[in-house]
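Following this line, the structures themselves.
Both complexes shown next keep chain A, but they swap its partner, so chain B is in the first and chain C is in the second.
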Partner chain A sequence: MLNRLKKKLGLVVAMAVLGVVMAACPASAVIQGVTGTAFNFTAKPGYIYGGDGVSIYIWGFANGTGVVQYPGPTLLLHEGDNVSITLTNSLTTNVSMVFPGMSNVAVTPGGSGVPGIITTECPPAGTVTYTFTAANPGTYYYQSGTDPALQVEMGLFGAIVVYPTGSFPASPGVLSQPGHAYNDTQGDSAYDREYLLIVSEMDARIHRAAERGIAPDTNGFFSVYWFYNGRNMPDTMGAAGDPMLPTQPYNALFQMHPGEKVLYRIVGIGRELHPVHPHGNHTNLIAQDGRLLSSGPANGADLRKRLFTIPTTPGGTYDTIFEWTGANVGWDIYGHAPGDPMQPNEFAADHGKPFPTPIPHQQDLMPGQLYSGSPFLGGSGALPPGEGGFNPTGAYMHMVHDHVEKELCNDGIFPGGAMTIMAIEHPSVPIP
Partner chain B sequence: MNKTALWFIRGAVFCALMYAVPSMAIVDTYCPSDLNGDGISDDPDVVCRHITGGDGFAKMADGKDLYVFGFGDATGVPDGEVMMTNMLGANTPAPTIVVKEGQEVYLTLSNVGMANRPDLFDAHSVHWHGFPNASVYYDGVPDASVAINMGASLWYYYKAMDPGTYMYHCHVEVVEHMEMGMVGNLFVTPLQDGTAFDDPTDSVVKNFTKFAYNDGDGTTGYDVDKLIQLGDFDSRFHDASISVQPLPFDTLDGDYHLINGRGYPDTINPDPIVNVDGNPYQPEDSLVTVTQGQRVLLRVSNLSATEYHTLRSLGIPMKVIGRDARILRTGGDPAGTDLYYYTSSVTLGGGQSYDVLLDTTGVAPGTYFLYSRNLNDLNNKDERRGGMMTQIVVQ
Partner chain C sequence: MRNIKIKCLPAVLAALMLLLAAGVSQAATYNLKTGTVTVTMPDGKAVQMWGYGLSTGPITVPGPTLNVPAGENLTINLTNNLPVPVSIVVPGLSLGSPPVPVMDIDGRVESFTTLAAAAGGTASYTFTCRPGTFLYESGADPALQVPMGLYGAVRVYPATAGQAYDNAVSAFDREHLLVFSDVDPTLNDAVQAGTFGTPVYPSTVYYNPRYFLVNGKAFQAGDTPDYIGTDGQDVLLRLVNAGSLSYSPTLNGQYMKSIAADGFLLPFPEENIAPLLPAGSTRDVMVVNGSNGTGTLYDRRLYLGNGTARPGGMMKQLQVAGAMSGPVNVSVSAANGVSGVAQQVEANWGSPQGAAYLKNMQLQVGTGGAGSIVKLRYIRATNLLYMMNDTGSTWIGGFAPGSANTIVNSRATLNCANTTVNISGNNIRVSFNLTPAAGFTGNKGLLMYVIDNANVAVGFQTKGTWTIAAFINVAPTNVSVTAANGTAGVAQQVSAVWSDANGSADLKNMQLQVGTTATGGIIKLRYIRATNLLYVLNDAGSAWLGGFAPGSANVISNLRGSLNCATTTVTPAGNDLTVSFNLTPAVGYSGSKAMSMYVQDNANVAVGFQSKGIWNIAP
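What follows is the complex of A and B.
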């Protein structure tokens, strides 16, 4: 009786935790951003939180007159869109916007623009309208074209996703839809889910200098914070739009089911190279800088590369497709008995094969907080008191992280930095 | 059934369970195909390896004794002797594990503790970096699975289905444990090995019997393969560790630049480098000696915790035939179209691997260099003319 009660209590607790996680998730399985073709941005100062809780002074873009954000609002566009962005400058220095990879970039006459080195700049309290055509589908970004060594470092950048005609989230900001990233007919760019991964870094000294009005040393750059979508681990794994992180609205927590194709749109926005290593499987790198890796217009992504580490370059974008089924591990990842029904996309040859090794005694193990207590997908098991608890669905929580390992720190504190999780969920667990 | 009988049954089940669970805190090799108890598999389709995680010392090329963490080899060592033989047994780099495609691998990891840091009680794990379709339990990330405490053993299982050049490393406190040296390599050799193919794309007729991948045409064939593991140690970090000082994560920046755990000229010393404890724990040179006409497969990987590296070949062209443990054909598929290319350098970030062929046909006998073009890598800390450089001798 007592056991039964305990079991029930355990289940109730598990369901409650699951409920909390699920309630937090709907906004996570999607690329959040702004839609339309006419945007108003404001460049302004503000603060973000490092993963160590420290406030960091930034300059960033805000949507309209809203809150400044790091990174700036992600533009979700259709192929062929003629886009205008009216930039208002609330900083005390000139600022501007450039759109690498976009066509017909121009400045609308009549604003308060002044000539700059790279593009027309917007003086303090001024307004400039930039226009461009999103001629090709793919993953792009925008950034400041004024003193980029300082201003991009300070946070004046954001991602642009251009969807091919006919492939667009039905309800942007709510649900990620299956689609195709490019106009190939071979299906090389087809995906079931897509996620954005903007990789950036910071030298905290530059931000402290800018905050105090001291001339920042952008030449002696030495990064100490590394970000995915503007957050350090563990904040990367928090909910999108978390009110605790008002200026960092985008999270980087990924979910999928076995057999699905997940498109990672990776943007290397900073000045460093970052090798992004998704645990769990190789990925198919299908495009770079908004162009399919293709030998010709009719050949799909025939020059795609199969990589377990995707090296990003400064200002480069990478579209890579991750799949995972558990094929060929040599044992049944669901813990099935031979006669049990198959799960969707299960690797048939391993069906019913037993788990191949003993599991050491609990006291000899250091279990992780994301460990369900069971080696099986969707499983759960006993854990020592106080351990685990962050994986109520028994997902396979595969890490995605920068493999310059020192980048897993927040200003000298491990763990942190450019790290997050891809949760491969049991097929019966709904993903919003 | 009466209550007493029920309690009796419960007691019996409890006792049975007590004996059924593995005993606690003991080094214990798991090798189901070992028939005679020597810890070595007696089935050709199964490989058993036993490695240990712990600490020790490495000798840098300028004579500096550097405190390191690392893996040691305990394969075949009786369980009862592993703590004694492998304590302070950190190898730099970790023992290279070579398995054949299709083999099942049982890997025992025993944690022998940090003899020089009795204040530490770190667990260890093995992350097979790049293993396709990995489960989390055997992936070695402690946050999402389990790691092993001191004095005990954890058992990993892998079915090696995809040939290529892989890495393995500890993923516990990964910045510290990788920087301290818990990094190694893992090669999976293809089923095609043993069949003879003449590479149709080269000018001479020669039947290769060893290949990097199942290419079907001999284009990845080689005579000699060599581990080229790029890495860096930041001696300030290691010195802080042995002095029980706060670790300078924020200023991490390598000052010893290594190929296979050694700086030049130790890289070309064919003998093991003996450390301050008198142990030969840096066994891997990177001197390549070949007869003119032979083909070399460089299995290049970057396991640095801090830096990108550009490895350059002076005098012998590089032909890149694989990347990240996949043949360099469209989609990484042996049935795809060749995307092989000739170059004189490869650039790798942490966690990347390249398979590079050096063909010495027509190359004049002599000494050729393989070195990092990141020029500050050519130092053993303050000593110049060292670091990340090695030689290829064509006879």
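What follows is the complex of A and C.
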């Protein structure tokens, strides 16, 4: 137990060093994206910021004539939607889109498409309309089907979420709502909240070469930046739509209440293997590549796997459900006295159990900025002058990170890379 | 059973192993060799690789696919032609007896199993088989030898035809093997130059692949797609990663149903878009052919370059037949022929994909059972000619056009030396030099067959008729012999002409006699057409001297004259054959000499010495 506390305090200290302004985050506990069935995308160049502040040249997709973004706009679709995407190419090279896992993928005749090795391509200044049917619910992606060794690396990709009938968010992009990811009747894919986790990486040399018009060596790929939803830590934990990061609108800051089922929709869009490791508990991997892990159509996710590291592979998607109640920590995380009423989803066996060690006096602590002054969920306490203050709700901060530890760097400097936080909030703290 | 036996005491074990060896009724046996082969990458880089090959075939990377029928084990007899010792392991299949690792002098493992010594050593391995898809590779210094190219695939079949495993989930209409691998040309160059292990390339720790291969080939725009069947067929893709990196094959984003990994069925199939194929692993996936024509399979880890050039690398286009035009049996023709007489039979095949897309072309002469036809085959990739044996059970021959070989069965002889192949544009024209045997006569249908690289075949179609008359032998004739007045001791041309109505090739043995025993002795010359050799009878009249070809730097002499082979010429023309002997009468051999001729044909019909002229030789 002490170990756990020490670990937690250690994390808090680490977070303090990072100088993350948690309190300033209007955390958006939602999957941001675009809705509808007819989309206009533009492929265009632009720049993003690495977590170390470096500016990196990219090619990406923009919604309509908007700002290019990394990753491209997430498509939020209904099961059965017949979708069209009209792609306009503002790059100086051919580009295209493929939709792995989608049905009836076709190109509408009449555009400026030219045959490519993998699919019909859109020449510079041209326009091509791709159509497909989102036949099955699940987590998917789109990417360039042209010279993917370069164009996927450059940023021409995005996620697709297909919601089952009856589970489409009433207010997409505003609230995270309960739903189910698949059409199982067992409730195996049911969730209270959902988050998207698009995993990618970059070899900055390739981007510099592309920027300068030099032929890049994609076979010599050696990544130095690793991204969650297009951002490096610490930007992963910043606000969605941060005006400081105009081409990286999606954040990766997660929040939950104890006992909730949180669905992570993980998309391995890069070319490396990035095991995703959420702290705090195992997860239930229920689906891969948009298909329930199931022994048969009526059997739910009976082949689900209990994993604390999800082995994300290139071109694969992984749906995994995370829960946390504080079970078996051995003390009452709420600091209840034995007679107090239970919190929702509280682990009953530990109800009223005291904190197992004297809580150090604040003058004996080197608190980080995320320490609320209390070891209890939702608690707070006195802090040394000038310390802390970045966790006003007393949340438990659990890291979610790439388990290839060297990938927690921005161009060689720790901390950074593919790392973020799951903030477990007291049940009384509203989560948007 | 076998596991239990292997646990017995060594002596008993040895006896049991003998019993077991005897008890294994069948083993698929492959005689393999190792060697080097130069593979040219699409950007022109020539890489000398190590590889396996059938003992009778070329070295290839990957090595030959080893197919094992149901219920059989796999025996590999290996001959090692490389300068280092090698071995073979099949991860997932156990050797009949526990492998004994080979240790080097420092006690480090040099090989996981028995070595075949460098430069000619041999070893034999027997693997206990179960159905599945496996990788075979060198078990000696694998960090070096596997990237150098020593790998291939093993397919072990179950009892049920059309399945990959003993379970209907693996039923397929068609199967396609895809072996993934990688090449660091700097390593191969260093090994070739003898600088591996020096600062040039200190160790395989520095292995940095630059080429990424599917079935030994890095993608190049314009590559011929692999054929994977027709619309709606269930296709089994056997994915084998012989490389040193892990790859994620994806087929244009369509689902692959993974049914097995590393040679074992999965408990339940998985639907995957880009299944991970770790280094050294195998995976069996099912896909259903759409009607889209070509689908592109590529590595989602995006190793899609050849060196620094793209597109390339681990990419392979797969083609469904509905979208493709098959090969064509264009035409065949042959003038009226005669049994026993060689004749050209010209056949023409084509493919809309180009001549290089044609794979196997066959010409059948006559109809009916195997005992009444002549079947010829040309394989484009190997440039080899074959003829079906008498019973129709196997192809015989395997010789290149233009090579000094004949292929014979009881109905015909194919002379490869005079058979030509013309590859141009979309067509391959083969002009077979065929001699029907005696009795193979009458109006024979000419039927053509062709199969292309996509294994699309057009079955035997009658495209012509060849009328073969029975051979009627006609006696040969001694036509003429002429020689200007000569002088003893001075060389002179003596020109003799023989003829045969069955063609000059029917002439067998031609002789010219100068003089008679009554007038100072004879000079007797002989020419044998089949062997193209010249002779002179010895003085005693008891033996032929010489046996040299016209034009060769030889002189054949007896006491009365000398024949200079170097300046003696033989000229066949139609039914005639002219030999211009360069003859020097010896000093003292002079006067008016009668010249008489003799001839015998292939049917041993002879026309005895006939006086045909006079040669006046001055002293």
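Note that the second predicted complex is superposed on the first by the 392 of 432 C-alpha atoms of A that agree within 3 Å, B and C clash if a C-alpha of one lies under 4 Å from a C-alpha of the other, contacts with A are read in each partner's own complex, and residues count from 1 in each chain.
To be clear about the criterion, a contact is a pair of C-beta atoms (placed from the backbone, for glycine too) under 8 Å apart; a residue touches a chain by one contact, two chains touch by 3 or more.
This is a predicted model, so every value here is computed, not measured.
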| item | value |
| --- | --- |
| Partners on chain A (chain B, chain C) - clash or fit | fit |
| Contacts of A:Val224 with chain B and chain C, given as first, second, both or neither | first |
| Which superposed partner A:Leu273 touches (first chain B, second chain C, both, neither) | both |
| Touched partner set for A:Phe99, first chain B, second chain C, both or neither | second |
| Touching partner for A:Pro360 - first (chain B), second (chain C), both, neither | first |
| Chain B versus chain C, judged by how many residues of chain A each one touches | B |
| Chain B versus chain C as contact partner of A:Gly316, first or second or both or neither | second |
| Chain B versus chain C as contact partner of A:Leu303, first or second or both or neither | both |
| Partner chain(s) touched by A:Val152 [first = chain B, second = chain C, both, neither] | second |
| Contacts of A:Ala215 with chain B and chain C, given as first, second, both or neither | second |
| Partner chain(s) touched by A:Ile413 [first = chain B, second = chain C, both, neither] | first |
| Closest approach of chain C to chain B (Cα atoms, Å) | 5 |
| Doubly contacted chain A residues - partners chain C and chain B | 273, 303, 311 |
| Residues of chain A defined as touching chain B within the complex | 222, 224, 273-275, 277, 279-282, 284, 302-309, 311, 324-331, 333, 356-361, 363-371, 375, 377, 391, 396-399, 402-406, 408-409, 411-415, 421 |
| Residues on chain A engaged by chain C in the complex (per definition of touch) | 98-102, 105, 117-119, 147-150, 152-153, 215, 217-221, 271-273, 288-291, 293-296, 303, 311, 313-317 |
| Chain B to chain A touching residues, read off their complex | 21-25, 30, 104, 106, 123, 127, 129-130, 132-139, 141-149, 151-159, 161, 172-176, 178-179, 248-252, 304-308, 323-326, 330-333, 337, 339, 347-352 |
| Of chain C, residues touching chain A in the complex | 208-210, 212, 221, 246, 248, 250, 252-255, 267-268, 270-276, 296, 298, 300-305, 307-308, 310-311, 313, 315, 317 |
